[in-house]
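Chain nomenclature is as follows: A, B, C, D and E, assigned in order of appearance, with residue numbering initiated at 1 for each chain independently.
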Amino acid sequence: MMLLCLIIVPLAGGLAALAAARWSDRAARATALAATVAQLALACVVWAVGGGLTLGAGGAAMNVDWTWIPGLGIRFALFVDGLSLLLVLLTALLGVQCVLASWRSIQERVGFFHFNILAALAGVTGVFLARDLFLFYVFWEMMLIPLYFLIRIWGHQRRLYASLKFFIFTQAGGLFLLLGILGLHFVHAANTGESTFDYLRLLGGHMPLQWAMPLMIAFLISFAVKLPVVPVHTWLPDAHTEAPTAGSVQLAGLVLKAGGYGMLRMAVPLFPAAAVQVAPVAMALGVVGIIYGALLALGQRDLKRLVAYSSISHMGFVMLGIFAWNDLAIHGAIIIMLAHGLTTGAMFILVGLLDERLHTRDLGKLGGLWALMPRMGGAAMVLVMGSLGLPGLAGFVGELLVLLGTFKVSVPLAAAGAAGLVLSVIYSLRIMQETFHGPRVTESKLPDLTPREWVIMATLIAGILWMGLWPQRFLDTSQPAVKKLQESAVALTEARR
Amino acid sequence: MLDLLWLVVALPLAGFAGLALLGPLLSRRAVSAVGVGSVGAAMVVALAAAWTFIERHPGHGAWVQPLWQWMHVGSLDVSLSLCLDELSLVMMLVITVVGFFIHVYSIGYMAGDEDYSRFLAYMNLFVALMLLLALADNLVALYLGWEGVGLCSYLLIGFWYRDAANGRAARKAFIVTRVGDAGLIVGLLLIFAYLGTLNIQDVLVRAPAQWAAGGALATTAAALLLAGAVGKSAQLPLQVWLPDAMAGPTPVSALIHAATMVTAGVYLIARMNGLFVLAPAVMTLVSVIGAATLVIAGFSAATQRDIKRVIAYSTISQIGYMFLALGVGAWAAGIFHVVTHAFFKSLLFLGAGVLIHAVGGEQDLFEMGGLRRALPTTFWAFLIAAGALAGLPPTGGFTSKEAIVYFASFSPQSHWLLLAAALLGVFLTGLYTFRMVFLAFMGPPRHEHPHRAPASMVWPLAVLALGCLATAALDWPADLGGRAVFSDFLDRVLPPAASLPVGQWTVPALQIAGVALSLAGIAVAWVITRPARVAGGSAAGLRRFWLAGWGFDWLYQKAVVRPLLWVVWMDRHDPVDRVYTGLARSAAAGHRAMARAQSGQIAWYALAIAAGAVIVMTIMVVLS
Amino acid sequence: MNAADVQAMLPLIVTAAAAVAVMLAIAIRRSHRACAVLAALGLAAAIGLLPVAAAAAPREISSMLMIDRFALYYIGLVLAGSLAVVMISQPYFVAVGRGGDLMPEEYYVLVLLAASGAGVLAASSHFASFLLGLEILSVSLFAMIAYRRDQAAALEAGIKYLLLAGVSSAMLVFGMALVYAARGTMHLTQLAHGGAGVLMFAGMAAMTVGIGFKLAVVPFQFWTPDVYQGSSAPVAALVATVSKGAIFALLVRYFWQMGSGTAFPGGDGATGWNANATGGPVFWTFAVIAVASMFAGNLLALQQDNVKRILAYSSIAHMGYLLVAFLAAGRLAAQAVGIYLAAYFVAKIGAFAVVAAMSNSEGETQQVRDYRGLAWRRPWLAAAMTAMLLSLAGLPLTAGFVGKFYVVAAGAGRGLWTLAVILIINSAVGLFYYLRVISEMFRPAWETDASPQAAGPDLPRVAWPTAAALCVLSAALVAIGVYPQPLLAVIGLLP
Amino acid sequence: MDMLFYISGVVAVAATVMVITRSNAVHALLYLIVSLLAVAMVFYSLGSPFVAALEVIIYAGAIMVLFIFAIMMLDLRQTEPAQRTHLLRPRAWIGPVLLALVLLGELAWVYAASGLGRDASGISSPQQVGGSLFGPYALAAELMSLLLLAALVGAYHLARPDWPSQESGRPGGTP
Amino acid sequence: MIAAIPMEHALLLSATLMALGLVGVLVRRNILFVLLSIEIMLNAAGVAFVAAGSGWNQTDGEVMFIFILAMAASEVAVGLALLFQFRKLFGTLDTRAAATMKG
C-alpha cells in the first residue's frame, strides 16, 4: 500500500493543485509543495523501513497486487527494491525542487502547471515501482503527456517544435516497448502455457535466441530513446532546452533515468542471452554517446543546450555501465543516474535562475557574474565540478565504478570512456568561464540567491557531496537488488566473469 | 597524538568551509585569523604528529588512520584513510610548513583585494586536498586529492576572473593536466583489474608478487601512472600549462606551482616506487623525460622577460631534475630535491611577489633593476634562494642537486647523456637564476619610490631563507662531513639508491664541477645583463623560439586545439538530427504527393475504386 | 417467426418502430425537440432491451439474422453510437439552423433507419439481409450527408458519396451473385462449409470492394475526407462510426468463415482462418489493404489543416489497424476488434461532438487554427477533445490504448510481426497530427500578439445534451482505459 | 430458346455500349430502355418470366420514367459542349476501358476455370418466387420496406421546395 | 421452353454489362449519366443473380433481383433528388464541379 501511496500522493496533489488554482496561485503552489514533500517523506520512510529491499519483499503493507485484466493475466502490481527505491527517492527530491524552482518563474496557468508537474512525477514513480509489464508501459507513457504540456505551454521560443519532437520520439520508442512486452508475453505463454505480464514470472524464462534478440532490441530501442543513446538522442537537446526549468529538471532528472532503469530492470535480465550478443554494440554506443555528446556540448552557445548535450555524454556512461554488467559497473551506472539527476537538475535550475535575471542563456551575452552573485557562482562551481567528475562529488563515484567495471570487460572502451573525461572538462569549464568568470556584461545590480533558491541549491549540493563522499549508504541500498539482477541474467553475468 | 592526524586535513578544510559559507560576513581580520590560523594549526598538529611518529618510530611500516568507508562494492573496497609513513610525513611537513608561511605572506600580499576571503578559502581548500593527496592510503583517495588540487589550481590561476586571459590560463592548466589524469585513471583501472586492489600498500605488495619485472602489465601500469605525473608536474610533453599558470596571484605560484602541487607527480612516482621498479623501461623514460625537460625549460627560462615566467620555467626544469633522480633510482634524492625546492622556489616566488608589489604590479624584468637598496631583506633572501636554485653551497639546493648529479652519473641506470643534461642544466640554472637576480636588483634603479612591503610579507621570506639553508643540513654530503639523515629516513620506505663503485675523489670532483658550471652560468649572466646589453633584450631567432617555450604551444594549437575546434564547429548542429529531419521531410513529401491524389474529382475516385477492384480481384484469383 | 424470435429482434424492432414513430410525430406536428427526444428515447429503449434480447440469444431468425452475443454487442455499439449522435445533433441543428429553413425533424427518422440498417448488418447471416441492411444504411446516409441541402459542401459530399457508394454497392451485389453462383447458397453457415473455388474468391473480391468502400480503406478511401468535411459534424460522426462498425462486424463474421471452411465461432481458441488461410488469398488481400491504409491514412493526415479531414484520414488509418486484428483472427482478435471499435466509437464521436459543439449558424469550426487557445477559453471542451485525440493516438489510460494494445496483442499472438511493426510505426507518425490539434488548443495566450478571443470565431455555449454526451463519452473513454475488465467481460462472451 | 438468349444478350450489350457513348441524354435513356428490354428477354430465356416482367415494368417502366422526368425538368436535351468534346477524346477512354477489360478478362478466366458445368435453365413460376419472397425472405421483405422508407424520407427532404422563403428562378420539385 | 444455356454464358453477359457500366461511370462527367451507368451495373448484378438462381434451380436469385430492384429505385430516387439540388446550387451537372473539397 505504501507504494501505491507514493504514486497516489502526487497524483492527488496535482488534482488538488488544479482545484486550488481557482482560489489563488499561491494556494496551488503550496498544495503542490505539500504533495511533493509528502511524497519525499513517504519515500524516506520506505527507505528507512527497508533499506536493502529485494523485489516482492515487504508484504501487503508495502506492495500491491490486484487483478486488473484477468483475460491476459494483467495485474495491477507494484514492487520495490533498492534500485527502484533510490530512483524514487531521487524523483521525490527533484519533485520538491521542481515546485520550488517554479515558484516565481511560472505565473501563468499555475494550477495546470503544477498538475502537470505532479502528474509526471506520479508517472515516473509508477515506472520505477511497476511490477506488471503492462502497468509499467502505462506509467511509461503516462508521464509523457504532462511533460508534453509543460514544454508546449511554458516552454521557451521553439517550444512547439521541441514538444512535438519530444513526444513523437519517446512515443515511437514506447510503441516498440509495447511490441516487445507483447512478444515476451506470447513467447512466454507459448513456452509455459502461462499468460502473464508479471515481471517476476517472466524473469528467468528460457527463450530461444531467435526470439530473445528481436524482443530485446524492441525493448532496447525504447529505452535507448529515453536514456538517450546516440543516435536516437536528438529529441533531448531540443526538449531540454525549450522546456521550462521544472520541465528540464524532470526530463533530465527523471525521464532519462526511466530509460536507464528500464535497461537495468528489463532489457538485460529478461533477455540475458541476447544481451550477451548485444553488449559490445551497446557499450560502443555508450562510448560514442560519451564522446559525441561532449563534442556537441562544446559547440553550443545556448547554456541550456550545452547542459543538455552534456546529459547525453553522461548517459553514455550509464549505457556503458549497464552493458558491462558486473557489480561494479551496474552500481556505477546507478550512481551516475542519481548523480546526474542531482547535478544536472541543479544545473538546469541554475540556468533557469540566470534566465530569470538576465533573460538570456546565450553564453556570448553572459560573463563576469561572480561579482554580482557570488553565492550562485559558488553553487555553479560545485555543479560544474560535479559535471566534470571531480572526485568527492557524486558523478565521480559513478564514473569510477563504471570504468572499473568496464575495464574488466573491454579495455579500449574503458580507455575511450576515460578520454571522454577530458572533453567533459573542456565543456564544463566553459560554462564557468563564460557565465561567472570573464569580463562583466552588465553593470546593473542583480540579486544573488534568495533564501528559496538557496534552499534548492543547498539541498541538491548537499546531496551531491553526500553521494560523492559517502556513497556507501546508496550502494548498500542497491546492492541486494543488483545481486538479484545479476542472478537473473545468468548468461551475461557468466560472460562477464 | 597520531590519532589527531585527521585534524591536519580537517582543519584547513574547516577553514575553507567557514570562509566559503561565511566569508563575506566576516571582517578582514577574522578572515585572516580563520584562513591562516587553520593552516597554522594544521602545521602544529602535523609537526606534533611527525614528532610522535619519528619518536615512536613504529617500526618499518605506515601508521594508518581509517576515516570512513568510501565505497565498497563487490571486490572493490575503497576507504578514506590517512596513511602516515616517512614519505608522506615529509610531504605533509613541506605542505604545512611552507604552506603556512605562504599563507602568512598572503595576508600582506592580498591585503588590497576585495575577494580576500575567497582567496584564503581556496588556499585552505588546496592545503587540505594536498594533504589528503599526500596522506592517502589508496589510489582513489589519492586521486581525490590529485583532482582536488587541480581544481584549486584552476580556481586560483583564474582568481582574478575578470580578465579573460586568466580564465584561459586556468582552463589550460586544468585541461592539460586532465589529459595526464586520463592516463592516471586508466592506470588505476588496470591496477584494480589485475591486482584487485587500489590500496597503495597492497598494490606495492602484490605487484612484485603477481607481475613479472619488465612485463607488459607492469610497464603499462607504470607508464599510465607516469602520464598522470607528467601532466601534474608539468613535464614534457605536458609542460605547457605551467608558464601560463603564472596568471594567478604570486602566493599561489609559490604554494601550488612551485612548492607542492607540481611536485605531486614526483610524489606519485615515489609513492608507487615498487611498481616503477618493475618497469625498467618506464624508469628510463622517467629519467629521459626529466633530462629533456630540465634542459628545454632551462633554455626557455634563460630568455623570459617576465620574472614569474622565469621562475615557472625554472620550476619545470627543477622538476625535471627530480624526475631524472627518480628515473635513475635515486628515490630519496628526488624527494629531497622536492623538499629543498619547496623552500627555495617558494621563497623565490614570494620574493618576486615583493618585487612586483614594489614596482606596482610590473612583472617585466627589464622594467625592474636596482632594487637591491630599496629592498635589502628581500634581496638577501632572494639571493640565498637563488644560490640554492643554482646549487651553490651551503644551501639545501646544493646538497640535493649534487646528489642528483651524482646518481645521474653513477647509478646503475645512468647514462652519460643524462649526466650531460644534468650538468648542462646546472650551467643553465646558474645562468637564468642570476640573470634574473642581476636584472632585478642590480644596475641603475628604475623606480624612484618602490613600495615597501608590509612585515607580514617580509618575515616569511626570512624564515624560508633560513629553511633554504637549514635543509642543507638534512643531507649534507658525507665527503664534506655531513650525514645522510634524510636519505636514511626515507630509505625506510623507498628502495635505497644503488650506486656504482666510485673512486675517492670522484664525488668531490663532481661537486666542484657542479659548482664551477653554476658559477660559469652566473658569470655569463653577469655579462649579458650588463646595462649596455640590456637594451638589446629584444628576442630574435633561437631566443624567440626559447622564449615561446620551444613552440609547444604553437604545435598543440595546430595539431590538437584547432582540429578539435574544427570538429566541434562542424558538429555543432548535430548531424545525426539531419537523419530525422530528413525522415520528417520525406513524410511531408509523401503527404503532399498523396494529398494531390485527393483531388476531389469523382471520376478519379471512381477510377481508384475500379483499379482497386482489379487489384483485389487479381490477388484473390491469382492466389486461390 | 415466434415470440422468441421477436424477443431476440426487439432492439432492432424498437429502433425501426421509433423511426416510424418519429415520422408519424412529424406528420402530427413539426417539433424538433420532440423528434429528437423521441429518437433518443427509442434508441435508449432499444439499448435497454439488449439484455432481453440476449436472453433469447443465440437465435437465428428465418435464416436472415443471427442474433447472437456477437451481433448484440455490435448492435449495442451501433445503437449507443447513434444515441450519442442524436444527443449532439439536436443542439447542433439548433445552432446551425438558426435563420434558415432547415427542417431537421426528418433527420431523426434517417438516424434511426441508419441505426436499424447497421444493426441488421451486425446480425446479418444471409446475403439478403446483408444487402438490405447495407442499403438501408447507405440510403439514409445519402440523405443525411446532404441534409443541409442549402450548403454547397453538403451537396457535393452527398453526390460524391451517392455515386461512389452506388458503384461499390453494384460491385458488392455482383460479388454476392458470383458467390451464389459458385455455391448455390447465400446463407452464411452453409457458405462456411465446403471448399472455396476460384469463382467464390472472385465473388469475395468483388464483395471486398463494397466492404472496403464502406470501411474507407485504401484504395476505396478517397471519398472519406470530402464527405466528412462536407457533411454535418454529427453525420460525419455517424459515417465514421456506426456505418464502419457495423460493416466491420459483418466483415469479421463473413470473411472469417467464407473461404476458410471453418465454422464461426471457431471453437475454443480456434480461429476463423484455418492454418492455410493465413497465407491465403483473403489474408493477402486484406494485408495489402491494411498496410496501404495505415500508411495512406497517416500520411494524408500529416499536414492537414482541417480538423474534420484529419479525423477522416485518421479513420482510414484506424481501419488499417483494425484490419490487423481481423487478419489475426481468433478469440483474442475478436476481443481486440470489439474493444478497439468501442474505443474508436467513443473517441471519434467525442471528437466530432466537440466540432459540433463549436459550430454556429456561420458554419462549423473546421480549421485547426480555429482551435487555437481553446484550452483557455473552453477548458472542459478542450480537455474532452484532448482526451479523444489522445485516445485515437492510443495513449495509455484512454480506451484507445486498450484497443491498440489488444490489436497488437492479437497480431503478435498470431505472429504477424511485420504488420505489428508497421502498425507501431504508423502510430508514431499518427501522433504528429493529433498533437498538432492539441498543440493549437493549448497554444498559450502569450504566444500570439493578438488576444486569444480574436483568434477564433465566437464560441457558442455548449448545450446540455452535447455536454452530457461529452461527459458520458469522456467518462467511458477513461473508464475503458483504466479498467477495461467489465467491457472485456462483455466481449469475452463473444465467440 | 438458346438463340433468344444469345441474340438478346448481344442486343443488350450493344445497346449498353450506345448508352455510355451517347452525349444526348434522351438518346442514352432510350438505348438503356432497349438494353433493359433485351435483358428482360434474357431473363425469359433463363426461365424466369416473373423477373422478366418486373424488369420491364419496374426497371424500364418506373425507374426510367423517373429519369425522363429528371431530364425534362432539368432541360437536358441539349448536352453541354464540354461533355461532347470530352467524350470524343480517346484519352478519356483508354484507362477506363483497359481497366474494364482486365476485369472482364479476369472474370472470363474465372468462369472458365471454375468449371461449373451447370445450365442456367431452372424454371421458376411467379408463384414460386412469391412464395419464397414472403416465405423464407419475409424478413428481408420487411427490411426492403425500411429501405424504401429511408429512400422516401431522404428524397422528400432533399427535393422538397424551399420553405417558407422560396427562392425564385431556380426550378425545384418533388419526385 | 427447354434451354440449355450454360451458366457461364449468362454470367459472362452480366460481367460484360458490369464492365460497360463501369466504363460509363469512369468516363462520363455528367452526374445523370453516372447514375445511368450505376443502373447498368446494378442491372448487370441482377442478371448474374437470376442466372445463378436459374443455374441452381432456385428462386433465391430472383428474390435477390427484386431486392436489387428496390435498391436501384431507392438510389435513383435519392440520387435524382440530390441531382436537382446540386443543379440548383452549382448550376451544372458536371462532376468536375463537385471538387471544391480536396487535399
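The rule we apply is simple: contacts are C-beta pairs under 8 Å (C-beta built on N, C-alpha and C of every residue); 3 or more make two chains touch, one makes a residue touch a chain.
Bear in mind the structure is a predicted one, so any value in this text is a computation, not a measurement.
Novice: Shared touching chains for chain D and chain E?
Specialist: Output, common partners of chain D and chain E: B, C.
Novice: Measuring between mean CA coordinates, which chain is farthest from chain C?
Specialist: B
Novice: Report the chain whose mean Cα position is at the greatest distance from that of chain D.
Specialist: Chain B.
Novice: Closest chain to the protein's overall Cα mean, using per-chain Cα means, please.
Specialist: Central chain is A.
Novice: Once you find the CA centre of chain A and the CA centre of chain D, what distance in Å lies between them?
Specialist: Each chain reduced to its C-alpha mean, chain A and chain D end up 69 Å apart.
Novice: Between chain A and chain B, what is the separation of their C-alpha centroids in Å?
Specialist: Distance between chain centres, rounded to whole Å: 37 Å.
Novice: Could you tell me the distance, in whole angstrom, between the mean C-alpha positions of chain C and chain E?
Specialist: Chain centroid spacing, chain C to chain E, equals 26 Å.
Novice: Could you please state the distance in Å, as a whole number, between where the Cα atoms of chain B are centred and where those of chain D are centred?
Specialist: Each chain's C-alpha centroid was found; their separation is 101 Å.
Novice: So which stretches of chain D touch two or more other chains?
Specialist: Expected reply: 95-96, 99-100, 103, 106-107, 110-111, 116, 137, 140, 144, 147, 150-151, 154-156, 158.
Novice: Multi-chain contacts only, two chains or more: what residues does chain A have there?
Specialist: none
Novice: Can you list the chain B residues in contact with two or more other chains?
Specialist: Residue numbers touching two or more other chains: 595, 598, 600, 602, 606-607, 610-611, 613, 617, 621.
Novice: Among all the chains shown, which pairs meet the touch rule set out at the top?
Specialist: A-B, A-C, B-C, B-D, B-E, C-D, C-E, D-E
Novice: Please output the residues of chain C touching chain E within their complex, sorted ascending.
Specialist: On the chain C side, the touching residues are 127-128, 131-132, 135, 138-139, 142-143, 146, 149-150, 152-153, 155-160, 162-163, 166-167, 169-171, 173-174, 176-178, 180-181, 184-186, 225-226, 229-230, 304, 309.
Novice: Quick check on the complex: what are the chain C residues that touch chain B?
Specialist: 159-160, 163-164, 167-168, 171, 196-198, 201-202, 204-206, 208-209, 212-213, 218-220, 222-223, 225-226, 280-282, 284-285, 288-289, 296, 299-300, 302-304, 429
Novice: For chain A, which residues count as touching chain C in their complex?
Specialist: 68-72, 108-109, 134, 137-142, 144-145, 148-149, 152-154, 160, 163-164, 167-168, 171-172, 175-176, 178-179, 182-183, 185-186, 214
Novice: Show me the residue ranges of chain D that touch chain C in the complex, using the header's touch definition.
Specialist: Touch list, chain D to chain C: 106-107, 110-111, 113-114, 116, 136-140, 143-144, 146-147, 149-151, 153-158, 162-165.
Novice: Per the contact definition, I'd like the list of chain D residues that touch chain B in the complex.
Specialist: Touching chain B from chain D are residues 95-96, 99-100, 102-103, 106-107, 109-110.
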